[in-house]
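You will see subunit A twice below: alongside subunit B first, and alongside subunit C after that.
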Partner chain A sequence: MTMDFQEQNISSHNFEQCTKCTVCTAYCPVTAVNALYPGPKQAGPDGERYRLKDPEFFEKALKFCLNCKRCEVACPSGVRIGDIILAARIAHTKERPSLRDTMLASTDLMGRTATICAPVVNVALALRPVKYLMDLTVGIDSHRRLPKYSSTKFTTWFRRNAAERQKEFSRQVAYFHGCYVNYNYPDLGIALVKLLNAAGTGVRLMEAERCCGVAKISNRLIDEARHDAEINIAAVRKALAEGCQAVVATGSTCCFTMRDEYPHILGIDNSDVRDSITMATAWLYRMIESGDVKLAFRKDFRLRLAYHTPCHMEKLGMANYSIGLLRMIPGVELTVLDSNCCGIAGTYGFKKENYETSQAIGSKLFRQIAEINPDFVTTDCETCKWQIEMSTPYKVKNPIEILAEAIDVEATAKLNRK
Partner chain B sequence: MKKIGKHYDVIVVGGGATGAGVARDCSLRGLKVLLIERFDFTAGATGRNHGLLHSGARYAVTDRESATECIKENMTLRRIASHCVEETGGLFITLPEDDLGYQKTFIDACRAAGIEAEAIDPALARRLEPSVNPALVGAVKVPDGSVDPFRLTMANVYDAKLHGADVLTYHEVTDFIRSSTRIEGVVMKDLRNNGEGISATADVTVNAAGIWGHMIAEKAGVSVKMFPAKGSLLIFGHRVNNVVINRCRKPANADILVPGDTVCVIGTTSDRVPFESVDRMEVTPEEVDVLMREGMQLAPSLATTRILRAYAGVRPLVASDDDPSGRSISRGIVCLDHASRDGLEGFITITGGKLMTYRLMAEWATDMVCKKLGRTGLKCVTAERPLPGSEQTGKQEKLRGMGAKAAAGRHGTLAADIAADKDSDRALVCECEGVTVGEVRYAIDKLNVDNLITLRRRTRMGMGTCQGQLCICRAAGLLEEKHGCVKRQLDDMRDFINERWKGMRPVAWGDAVAEAQLMAWMYAGNAALNQSDNTLIQL
Partner chain C sequence: MKFDIVIIGGGLAGLTAGISLEEKGLSTAIVSTGHSSLHFNTGSFGLLGYDADRKPVASPADAISRLANNHPYVRTGMASLAPQAAQLLADAGITMAGSEAHNHLRISPTGIAAPAWLTLEGMATVENLRQQGVKRAAIVGIDGYLDFLPRFIASTLEKAGIAATVKSVTTDALRLMRKNESEMRAANISRILIGDRLDRLAEAINAAVKPGEADVILFPAVVGSENPDEYARLRRMSATPLYYCATPGASVPGMIIGRQLTSRYTRLGGMIFKGDSVVAGQFDGDRLTEVKTQNLGSDSLRADNFIFAAGSFFSHALEALPDRIVEPALGLDIDSPADRPELFGKDLFEPQPFMKAGIATDPALHAMRGGRPVANLYVAGAALAGADSLSEASGSGVAMTSALFISNAIAHK
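And now, the complex of A and B:
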């Protein structure tokens, strides 16, 4: 009697599902510009076999991986190539994360501290000697402009100005604002509250929110990241249990990290809530599609926009929601830019050793933006925004900001009043 | 017919581990040697086994003599062939359905044979080797390891050549030059040159042709009754275990799991097969079943690990009494002087034994050669002198990148001879196994590489997960630099793909089928390799 091994013997090892077609390497933004990087196939599934044989085969060049996950999007066999590489870096890098990496990774700690005396910090960080010194001492490239800190945190604004009236709405979503909105750019959070309130939806903060952890993960501060992640997921569960329809984010990387990196890299089971963590644009688009929300737009709104698809938006598969919403605005002329990595990849591009790679990766994107010459670039990722603003003369806005500007608030509110 | 002008002291027939070992031993003792192989080195049973560095424990209870030889050679190979050996250690595990009482018999027998065997707590065994069946109720630690038979054989050939041996591959012995009572030389067919006849003479001819030694002996007019016992094995896509796992019971099917280089191998089966089939070994679905079913008992995760391929070799056992499987035939060495046995001078057969005891077999055979030549003063040094690659040269290998590290594993200290200065030297040909352009060129120059299949045996190119999908076109380009013939390389690629497919076919499902199909499309589409009678991969 023969057993049915053809049915049974399907590999449970994700890296063994690779059929070596190499499409991942063709799509890797780093491989194209940095010859020192072995490429996702080599660094991922190929390297994994060797590392299982002997951890000595771990190559330091894996640090050049951006963790953009474009390899995973390209893979026809569902191999989690980026995860394999990231997990190998975490498991096999012997050195402790440096002071610089720890600083860059601690977005919430730095934010909490810096917002207290934001004007001083902003001026100081923009000074040439300071930048030069940071370049020299810790290795933050002097070409970089660190994002400005806001003197009022988003959460402070929310509690003072918005929290009370959210109770008027029967439909509620929880907002995962992330470090950037909270410490650097509260205006985006304010725009979201304006937009969703007009759409008949109350916004609430989560009971506890920590940094999503992406910066800590990519800088290998795994225990710290897991600690934050557990707090976040508990808060997500609580918000949903208390009747929120979804937990929405305006930053694609925060959203992606909580959905995918938590289970894949940090080993946190989020399967019960994963589908409820989504991009604000995705949630809104679906509500409009189902007829639960209607938007009315200003007649006088005119803009030429170019949409840039962030890597993690590509991975989430949610770019079309943002694009779809922007296309609903009658006065918007939208060009969707070719899907290319901008090169910054969070803290990656701030590191001195990555500056050239980072700019080389982004060059295709920068060129295309210049050719289109839009009024604004729009994208769902804050670090893409920094990179494009640092590398081109164009201002970048989140689609939520554009929508909040484009709607006729009164008319929209009326349409959605029950 | 061409004749090789030089007269040799000894002609060695067979390019497996034994033949290579005899050629090395003879040439180190200063004899003039010709080594002849019908196809390629390691093409027979040498390249078709577990690659297990036996401690001898497996034979301790049933075959003391072999066990003693094994442990002695095991320790010798660790010294002289360090770059071919991985000192992984081994476990003999007892599962709930096995007799735990056997463990004591086993340990006593091991110790009597000089094998260190120590019973350890099952919990410790699980820590030593996390993939082991967690249900185990007993474990014994023994000095097993793994040995790469390709490297081991080539290091012997390399050293034989360094010491003046001549070497012919793709030369098939078709007849002997003889007087009434003496073998005076061989007649060969050059398989790469339209079967052109060629002859060579020597005082002594050594038959080291493994299972084919049966036929070689027949051609010489003597009879060596061999017992062809087929053994099938499966290779998995990566290393599931880092310690050899054996079953603590009387030797049976599929009870050894050996980690070797980037893979692990489960085996074997044992079945008598007819002589007519020994050139066409294929693994049957029933054998795959047995290997999987039993393999999962050793390491349950094998069930969900990708199988790369299946292969089978034929053990050159020497027939004794009636034993349908060959399991109880001794693995002991058989060294026959056909002068005293059959009245035929100048002819020796060395057979039986195991990969583990190849060196000892070579020593015995060479001792007999020297006796026949009347040069008994020549002492064997192979137990002390390290093989090329395992010498402590003090030369520092250039370990830049994964390819260089992998090459150092494969060629030992000789890896220092591999070009690695330029980017183009370090570029990868085989991505799965980290074979660089430099390594391929080195193999072509130094290791008797003639085609892609021989290149695979020397370097592991094409032995990884993709089974040649990405590397063979690159390697074919480098071979074309040598042969200067595109047509030849296209045929070479087709042969390689079909040879790989033969081993993939018995285990072709899931991702392996997808990959094979992709490979077929790539080469059919890009190199028009399906444009002849000899079509690619037939799914």
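And now, the complex of A and C:
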């Protein structure tokens, strides 16, 4: 009887499992640099108890959380601390999201508009007076170099140059490219198509792709995020039903959001497809291991690389696939950087009030990169790429781009022809 | 993914096994739910601190042979690997003093002098104070840091013939921290005591204890979790020789040891699946072929050999149900000293029988499942039955020597 009660009385996010050990706070990137943030234990499971009495407890402090989930990776007791904090922030923050937050959150709307006017927008965004004005009026820090918008969207390139040829392959995957690849960095999408095609795999787009919703979730636009999420999950189901082996992503935050934030934060049941939403590197690694795909590498390829583990890649548990693939390239000398947050955390670092915290958090990582002095930094997250390129002299590439450059396309295609 | 060896649990046992196997050129991966009990380690390791009658042990090497027959040390003879364990720590850049021939006396967070095998350099022990001929010690606390108990430490020192004075210091950064709702705990404090802020602390300590006023300063171990170099730097900046005292967890010296071992392991090429848990295993006859984890979903981790080093009750590797103890992930057999109702002693401060419960093993430390040994699955560390790490002060010794025992067995297969 008593045991029944114990076993069935489980709270959300494993809140009751907390043993008050403080390990989470010892690993939160924010507590080290922001004296106003009480840390995950206090803002999470401890605060949750107080919030039962007064929902406003720690309300002001909750916004400092980056939603990086490093506390959850560290917790020995499986408490979903980041989820507790995010859920409390959504439930208890009274202010409406500001114009700035709505702008930063609406990555696809902003992208669609900006792509049309890319040349003008890019020049304008880079101009000092415009940056200064953005700083003043909407609160986007003027130190930030906003990501450039590409004049051709990835999807446009794909339809014009690649879509037709994909039908030749019997094995297919669907690609969740995300807003960043579509509007700012089509080259990464193009590299993925090149790599997977050589590996004997066709790439298709999903029937309807919306932003994964991470920016909307962290800026508390929850109804909008849920709407997009439902469209995405329906599109995932459709792609799988139509024979795609998996839905692959090249950005770890998109992948993490669809796998974990949808059920945990938005209450969307994705259990039937969660396992099929994966990182492109994870999918490829498994195919190589099972012998279904073979890669032939260029003999002249030499690079010294440093791999940075993005927070959400760490939480996904998939960094070892990217590292494993990079280690397969004969000419690559790879150093795995200590896993530390880069400080940008999506739209967080773009906000004026967070700029200093964001840079302070990243400083440990930047220092280590400088010590190693690699040819390139490589990482699976787009926002980490911005942050590292803004804060260090090093250029950052996605592991997929490195692999696409390293393979001998002809020889690889030959190995994988059926 | 496929490896030569997959290790379940990344505590002291899992990391020791991983490092030793990587050093032998084998490919390994560690899956670990979250941080381990190293985060509560005081900076001192026990091989055997107390015997069956709870008497302090002077020489672990001698006392081990008098343990019960079902103790893992006695069943395997693995305690003879203690010097190899000390070498592994040194190779990972962790300087610890002590030997298996003679225990020394560490100073516990509550100020008790307790027997220990190895202690991290820079931590106060009764021996290093004696060897330095210390007559007067200044025990320096931090304003508002309540986990440090200077009066208790003073009384222990007085018994050892050392006079102690008690002081307290603070700095701007520490004052600001007190205003925050976050607690003044060792691991939290150490995150802000870096760079210039550590220089300010050194100045405050030097102002509080003038040169010549004391032979030694004892200060809580609240420096170095971010960057182990800071741990040594504060000692260098102190005008009077400074030693650290253990604190309750999360404990900085334990975190430093954990960080060094983890970075040694990854530098050797080991892969860690952090924050992930093994949830099931696939068995084929007397062999484990693969394990499933929470994050990897339909992918599994395959290996020729597996090591179960997931700890005990505290780390959720063992679970106590109303009528029995179980190991939920792989369904391994449990070796328990008594039935469930007799597992608890009436006096909380007496040794508790349940502490000796663990995974049943054969003498080669293969895990038992359904009454039969699993030929390629070994058990290391706190998961082993037959040792009570708390009342014997044997936890670190069991963790490290069992891991080395298994690593040697796998290498000779």
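FYI, the second predicted complex is superposed on the first by the 404 of 418 C-alpha atoms of A that agree within 3 Å, B and C clash if a C-alpha of one lies under 4 Å from a C-alpha of the other, contacts with A are read in each partner's own complex, and residues count from 1 in each chain.
Here is the rule we use: contacts are C-beta pairs under 8 Å (C-beta built on N, C-alpha and C of every residue); 3 or more make two chains touch, one makes a residue touch a chain.
Predicted model, so just to flag it, every value in this text is computed and none were measured.
Chemist: Between subunit B and subunit C, whom does A:Ser77 touch in the aligned arrangement: first, second, both, or neither?
Modeler: Both: A:Ser77 reaches subunit B and subunit C.
Chemist: Looking at A:Met318, would you say it contacts subunit B, subunit C, both, or neither? Reply first, second, both or neither.
Modeler: Only subunit C is touched by A:Met318; subunit B is not.
Chemist: Residues of subunit A touched: more by subunit B or subunit C?
Modeler: For subunit A, the partner with the higher number of touched residues is C.
Chemist: Quick check on the superposed pair: does A:Asp338 touch subunit B, subunit C, both, or neither? Answer first, second, both or neither.
Modeler: After superposing on A, A:Asp338 lies in contact with subunit C but is clear of subunit B.
Chemist: Counting only touches as set out at the top, which of subunit B and subunit C does A:Ser290 meet: first, second, both, neither?
Modeler: Neither partner.
Chemist: Once the structures are superposed on A, label A:Ala35 by its partner contacts, choosing first (subunit B), second (subunit C), both or neither.
Modeler: A:Ala35 sits against subunit B and subunit C alike.
Chemist: Should A:Ser271 be classified as contacting the first partner (subunit B), the second (subunit C), both, or neither?
Modeler: Touch status of A:Ser271: no partner.
Chemist: May I ask you to decide whether A:Val23 touches subunit B, subunit C, both, or neither, giving the answer as first, second, both or neither?
Modeler: In the superposition, A:Val23 contacts subunit C only.
Chemist: Would you check which partner chain A:Ala282 touches, where first means subunit B only, second means subunit C only, and both and neither mean what they say?
Modeler: In the superposed model, A:Ala282 contacts subunit C only, not subunit B.
Chemist: For A:Lys53, using the defined touch cut-off, is the partner it touches subunit B, subunit C, both, or neither? Pick first, second, both or neither.
Modeler: first
Chemist: Shared contact residues on subunit A for subunit B and subunit C?
Modeler: Residues 3, 21-22, 35, 38, 41-42, 77, which sit in both footprints.
Chemist: Could you please specify the touching residues of subunit A with respect to subunit B in the complex?
Modeler: Against subunit B, subunit A makes touches at 2-3, 5-6, 8-13, 15-22, 35, 38, 41-42, 45-50, 52-53, 56-57, 59, 77.
Chemist: Could you please specify the touching residues of subunit B with respect to subunit A in the complex?
Modeler: 237-239, 259, 261-262, 285-286, 288-289, 292-293, 301, 303-307, 401-402, 405-406, 423, 428, 431-432, 434, 464-466, 469-470, 507, 509-511, 514-515, 518
Chemist: So in the complex, the part of subunit A that touches subunit C is made up of which residues?
Modeler: Touching subunit C: residues 3, 21-23, 25-27, 31-32, 35-39, 41-42, 58, 61, 72-78, 274-275, 282, 285-286, 289, 314-318, 320-321, 323-324, 336, 338-339, 364 of subunit A.
Chemist: Show which residues of subunit C lie in contact with subunit A when the two form their complex.
Modeler: 1-2, 29, 33-36, 39-40, 173, 176-177, 179-183, 185, 187-188, 191-192, 225-226, 249-250, 255, 263, 266, 271-277, 293-299, 315-316, 321-322
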